[in-house]
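Think of it as A, B, C, D and E in the order they're written, each chain with its own count starting at 1.
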Amino acid sequence: MSDKLKEQILRSSGSNVLKCMRCGKCSATCPSYDEMEYHPHQFVYMVEKGDIEKLMSSDSLYKCLTCFACVDRCPRGVEPAKVVEAVRLAAVRRQGNNHLVPTDIPGMLDDDLPQQAIVTAFRKYTK
Amino acid sequence: MQVNENTNFEPVIVAFCCNWCSYAGADLSGTNRLNYPTNVKIIRVPCSCRVNPMFILRAFQRGADGVILCGCHPGDCHYTSGNYFTRRRITLLYSMLDFLGIERDRTRLEWVSAAEGAKFAATMQEFTDAVRKLGPNRRLEDLRCRKQ
Amino acid sequence: MQRIGVFVCHCGTNIAATVDVKAVAEALGHEPGVVISREYQYMCSESGQNLVKDAIREHNLTGVVICSCSPRMHENTFRKAAAAAGLNPYLVEIANIREQCSWIHKDIASATEKAVILGKAAVAKVHLNAPLIAGESPVVKRALVIGGGIAGIQTALDIAEAGFDVDIVEKQPTIGGKMAQIDKTFPTLDCAACILTPKMVEASQNEKIHIYSFSEVTDVKGFVGNFTVTIKRKARYVDETKCTGCGLCTEKCPMKKVPNEFNMGLDNRTAIYIPFAQAVPKVATIDPNYCMMMKTGKCGVCSKVCSVGAIDYKQEDKFIEEKYGAIVVATGFNPINLDKYDEFAYNQCADVVTSLELERLMNAAGPNGGTLLRPSDKTHPHTIVFVQCVGSRCDDEKGKPYCSKICCMYTAKHAMLIREKYPDTEVYVFYIDVRTPGKNFDEFYRRAVEQYNVHYIKGMVGKVTPKSDGKIDVQASDLIANEQLHINADMVVLAAAIEPDKTARPLATMLTTQMDTNDFFTEAHPKLRPVESATAGIFLSGACQGPKDIPETVAQGSAAAAKAIGLLCKNSITCNPCVAHSNELMCNGCSACEKVCPYGAITYQDKEFRMPDRTTAIRRVASVNPAVCQGCGACTVACPSGAMDLNGFSNSQIMAEVDAICK
Amino acid sequence: MENNAVFTYYPGCTLRTKAKDLDAYARSSAEALGITLVEPENWQCCGGAYTTAKDEIATKLSAVRTLMAARDSGRALVTVCSACHNVIKQTNYDIARDEDMARKVNSYMQNETPYTGETAVYHYLELLRDVIGFDKLKAAVVNPLKGKKIAAYYGCLLLRPSKALAMDDPENPTIMEDFIRAIGAEPVIYAQRNECCGGYITMEDKAQASKRSASVMDSAKDMGADMVITACPLCLYNLKKNSGSELPVYYFTEILAEALGLKKEDTDE
Amino acid sequence: MQEAMINKAKQLLADGTVNRVMGWKRGEFVYDITPAVFETAEEIDADFVCDDFTAANVSKYLVKESRKEGKILAFLKPCDTYSFNQLVKEHRIVRENVYVVGIPGGPKLDAEKIKAKGITGILCVKNENGTLKIDTLYGEETMPYYEAILGKCETCKSRKHVVYDELIGEEGEVITAEDSGRFDMVEKLENMTAQERYDFWREQLSKCIRCNACRNVCPACTCENCVFDNPASGISNKAAADSFEENMFHIIRAFHVAGRCTDCGECSRVCPQNIPLHLLNRKFIKDINAFYGEYQAGEDTTSRAPLNNYDKDDCEPSIVHERGVE
């Protein structure tokens, strides 16, 4: 199961986690670091180890801002944000695992909130 | 010519490699344990400019299915200018073979440096695949030179 | 009748694991003319070579085929063995069944089949091999060293010591190179200038050494033992033979705002300048981009104050031609440009510096006279962050894939020197790995941690943020603590990757030597011939071959010198006998070969020939000078009549190989 | 970049609703600068966020439709919203390089002429820099914003991933600073200008969004900015709403229009 | 014209400028013309001929003749002067030993084309306003003049002499490729599919009987020892024994003369099997012009032949793949 999941994550992300040299620059650059239980470098490392379930159930999945700072600054071309995204997708694709529930939305709105915030949230957190 | 249906077809491929760049590049791909098909057999020449177009025709006549010539990158010739002459000669030969209706993918000129082991292996793989797709060389082969 | 011996090498399991060597020996034993076919564990070993020698004697062999590793590895070994047994060495052919067979393929059956075909091609070729006798060509007893850094200086001193003339070509106005800019050296912490400058002086005073400073190599012709090199002596607008280096002109020059490259642009120099106090030659140079006289025709102060009349605004570049027997490349390195790494704010903040800039900041002859001050406001930094591997070990277009090798150690040195001199300064080093393989290296690094309390943090800096109060926020990861840190720093020092000097690539083309994809010169053998290039007579010294520290550079400089001396000691060298030759009976005298020969090795003469009808006729025929011919074979293809052929790679030999492969 | 003065213009959904200013000023300024923007019919939402996952095809289709519309019109595509630009540009980049993705997209959409990334995609800022030229813009300014210290906020979307966006140096960009100089004001360089404001999570995780946006605004203020400009409605909302900062935030098109003398008080809500 | 040439030859023999004359003489039939050397005025009066059938290029004969004692007079048509110059450039002809008189060129006639009309027993031909009047043993016959023109003259490249010591008649101009149309057939072939090209050449080259006429007549084929006759060359082959003619002989021959062939068209003229061999040479000429700049072999005696020359920015062989039809 874990192997299959790992394979799925690697394919979906297109990332070669074996290129990682454990420098930690992704985590050094991550603006959401403090909000995360597992940090970008751990995502890469744990996917490599096949230790993915922990990541799937962690709130860290929803803390990534997809700002691509780690992707641009990684000296090895590992693209950690894409790994995070692949794990998040794998998580929300599971039955009943949507992170965002439509009924919660009205409470989050205000007059100035741009539409794209809602569209984006659905894109990223639901299936 | 129909694409060969016979999956057992193993093309005979002759590769002329210049001693200073491509032959060393071929050695490097071995040192790095890269892979390319066994079909490729290398003939060492001091410089790509040593390769007489006659040799290429001879190979086809004797049943080669593909001939590839590898030399140093333009500007990097060990003998300063050899590969520039090669480029002219081989361009004209390839154009003539094309004019005679010989399949274009059977011949190739590549520049491979001594550092490009990976390029050498990839080029050989690609070339072999291309020739395999073309099927056996019938247009230039002399049947009387054939085995058995 | 040919009597050919075939010898198939196992190379331990290198060949035998994927090629059935017994089957290869068996198959080749049935080839026409083959009288003995053997396999053996290690053909290149003494007993393997004896096997070949014994067989030559016993079977009176006329040709030998060795199926083994690449001829680039052991062709010479087996040629020597054959010669020792009385067989002409050029009657040996190698079938490359290791690099080009066993190491490439996995399937035993097909690899074996291929090895047999390669063997057959070699047998077919050796049938047509002719015994060749190598000629000789004289050696010019003079060496050229390109680059006057510590590598070039060491090489030149060693060659001169052995009694040979040697010229150094240095593109800067002074020799000394990067080492002259360095403050202290690891792991001994002795002053770089104190050990380098005496060597520079020694080089300048040695009668055997001639220094062409402010000069560049623009053309190289010829071959081992006999190179002809064109050197461009760039106009320095000062007569070197007159200038005494008094420095009065540099004091009086009104143009004082020229970025000082010796101090990495951290301070200014004058338009006429001597790079540093101990420069060799100690001669002024005018920078025409800044000199008012050169730009506007108004000024001339230096000319007025120069008591010896050395200033010459009209000086022009001069080209000189010299002959050399050996050339040593010592073109060195440079730190990479950091434009692509501005997450570290190098272009946005004056207090983010490279390690080489820090060397100058700390140097007594540097912009601050040896007191470490921030470039921005000249205040004393209390927190300094070092970032390792900036541009090294990268797998992207921005950086270099290799480890720059010297950064771990110089950073430990910097950290230690700062903590020693300014104990109130906190020093942080962000590292990925600390690499200390060298004598006393790890001990040195441990001292930085244990004795000097330098904070080594396993992790990388992600973002450097200059702030309005002049401080610098350094955001980094601490992988051991698994936390993200913010350090409020005063200075950031980047360990920029090093790369070969930009002049190396065109030089390699001139020298017809090879480079790797990073533009480092490629050595003839990575282990066994580390200071020779694959081109005979060209040797490699220092960081042009790969990142090196000073002791390694000096060691390699001396090694390159030893190789060059070995060459210069000979009165003549054995020429490659695999050269072109013209069959006069077939030659048309058409000059096609002459046109394509890169060495001018072909000349023509009118010769009298007896014709079949018993008359005589005078014909123009080509002849090849075997000492000049390098054996490329361009002429053989240009020749319409086939009169021109190449020893060792004759038309019939190559066609025999073609036939054997296609059969 | 071709010097064609007619471009296909993709506004995106937010510019039709919450970010009307961004749109209106972009149009009026373009007109004043001699550029014709043609809006394609029946455009759809860009998708809001680009899914990097290789096994997500459906989410990329709407961006492809826009790109195809531009291709079929024979014009380059111009966007102004950073988010739309990012999604469309990344889609275009990937479809040009990832054959597998291109094949899947084209067969899914049953395209007669397969789309393989041939449309050129520009951000409005690139139009100013590369088609009009900042020199020409400077000459067209009637109301220079003299003395204003303006901090450009790029955020993440305009610059990254830099391989795909290829607009400017991702770590030391200059395009918006040059723009600010062109309209007569003084740019303020601050380090957080290319760091994320937390826009994507602004609805779902207010705490993190306000931490991020505060960090950006504080950094700009620290370096002495009078105002912040942005190209992104999400950033604008977030920086205004969640940062707790007093510093005003404007769309870059608004101050562009102001400098060109096109700003009408009634459109400024 | 013949009259003027005979007078010139006799004059130069008489004043000692030359001791021999290279010209043509008639064989068994009027159209059976072969090059010949004349040593006396009597021989010239008896046999010297220059008419509509004297198409043969005499420059190749000068390789041997120019190395003999004394100077020889050679009458060269414009096309022959290119071959002559090329041989001078290759040090094959000793220029000082030849006195070159330029004579007007063709078009010359092709007896085979006349015979193909069923006209035999030809005695004399005359062009009258585009109609060729032919006196035969069986009475007068006519045919359109242009239908009797030699193939090589139909696509004449130049009416200008590139070398001469003296000129009889008026000097002409170089004819452009567009006007001569000499690359039209090459182009037509290039636009065929590979299979069509292959079929075309198979059909043509399989007719080859290896009589070696093409080689023997070719002014570029003056090797002391031809590779096809030389066992050491590895490609020696003296007779039609296998598919060597189709696969090797003509390609190698064309390659050997590439960059040196002046496009004199003699190879196709003499081929008894009517193989359009000149197309192979023209293909090389066309490629050289396209890839490396216009080059006309024999135009001068100093320029470097394109295959013995290079430019750092030469095109790669892949240009072949980028152009035309597969």
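Keep this in mind: a residue touches a chain if its C-beta (ideal position, glycine included) is under 8 Å from a C-beta of that chain, and two chains touch if they have at least 3 such contacts.
No experiment lies behind these values; they were computed from the predicted model shown.
Trainee: Which chains are shared contacts of chain A and chain E?
Mentor: C
Trainee: Please indicate which chain is farthest from chain E, where distance is taken between mean Cα coordinates of the chains.
Mentor: For chain E, the chain whose C-alpha mean is farthest off is A.
Trainee: Please tell me whether C-D or C-E has the greater number of C-beta pairs in contact.
Mentor: Between the two chain pairs, C-E has more contacting C-beta pairs.
Trainee: Using CA atom averages as chain centres, what separation in Å is found between chain B and chain E?
Mentor: Whole-Å distance between the two chain centres: 36.
Trainee: If you average the Cα atoms of chain D and of chain E to get two centres, how far apart are those centres in Å?
Mentor: Inter-chain centre distance comes to 71 Å.
Trainee: Could you state the distance in Å from the CA-based centre of chain B to that of chain D?
Mentor: 51
Trainee: Determine the centre-to-centre distance between chain A and chain D, using the mean Cα coordinates as centres, and give it in whole Å.
Mentor: Spacing between the chain centres: roughly 24 Å.
Trainee: Would you give the residues of chain D that are in contact with at least 2 other chains, written as numbers and ranges?
Mentor: Within chain D, residues 195 contact more than one other chain.
Trainee: Can you list the residues of chain C that touch 2 or more other chains?
Mentor: 343, 463, 596, 638, 651, 655
Trainee: Taking each residue of chain B in turn, which ones touch at least two of the other chains?
Mentor: Chain B, residues with two or more chain partners: 53-54, 58, 75, 81, 85, 89, 145.
Trainee: If we use the touch criterion from the header, which chain pairs count as touching?
Mentor: A-C, A-D, B-C, B-E, C-D, C-E
Trainee: Where on chain D does chain A make contact in their complex?
Mentor: Counting only chain D, the residues touching chain A are 12-14, 17-19, 45, 47-49, 51-56, 59, 81, 83, 155-156, 159-162, 170, 195-196, 198-205, 208, 212, 215, 233-234, 237, 240-241.
Trainee: Spell out the part of chain E that touches chain C in their complex, as residue ranges.
Mentor: Where chain E meets chain C, its residues are 67, 90-92, 222-227, 230, 232-235, 256-257, 260, 304-305, 307-309.
Trainee: So in the complex, the part of chain C that touches chain D is made up of which residues?
Mentor: Answer in residue numbers: 339-343, 345, 347-348, 463-468, 473.
Trainee: Residue numbers of chain D touching chain C in their complex, please.
Mentor: Touching chain C from chain D are residues 169, 171-172, 189, 191-192, 195, 219, 222-224.
Trainee: Could you list, by residue number, the parts of chain B that touch chain E in their complex?
Mentor: Its residues touching chain E are 1, 53-54, 57-58, 60-61, 74-75, 81, 84-85, 87-104, 107-109, 139-145.
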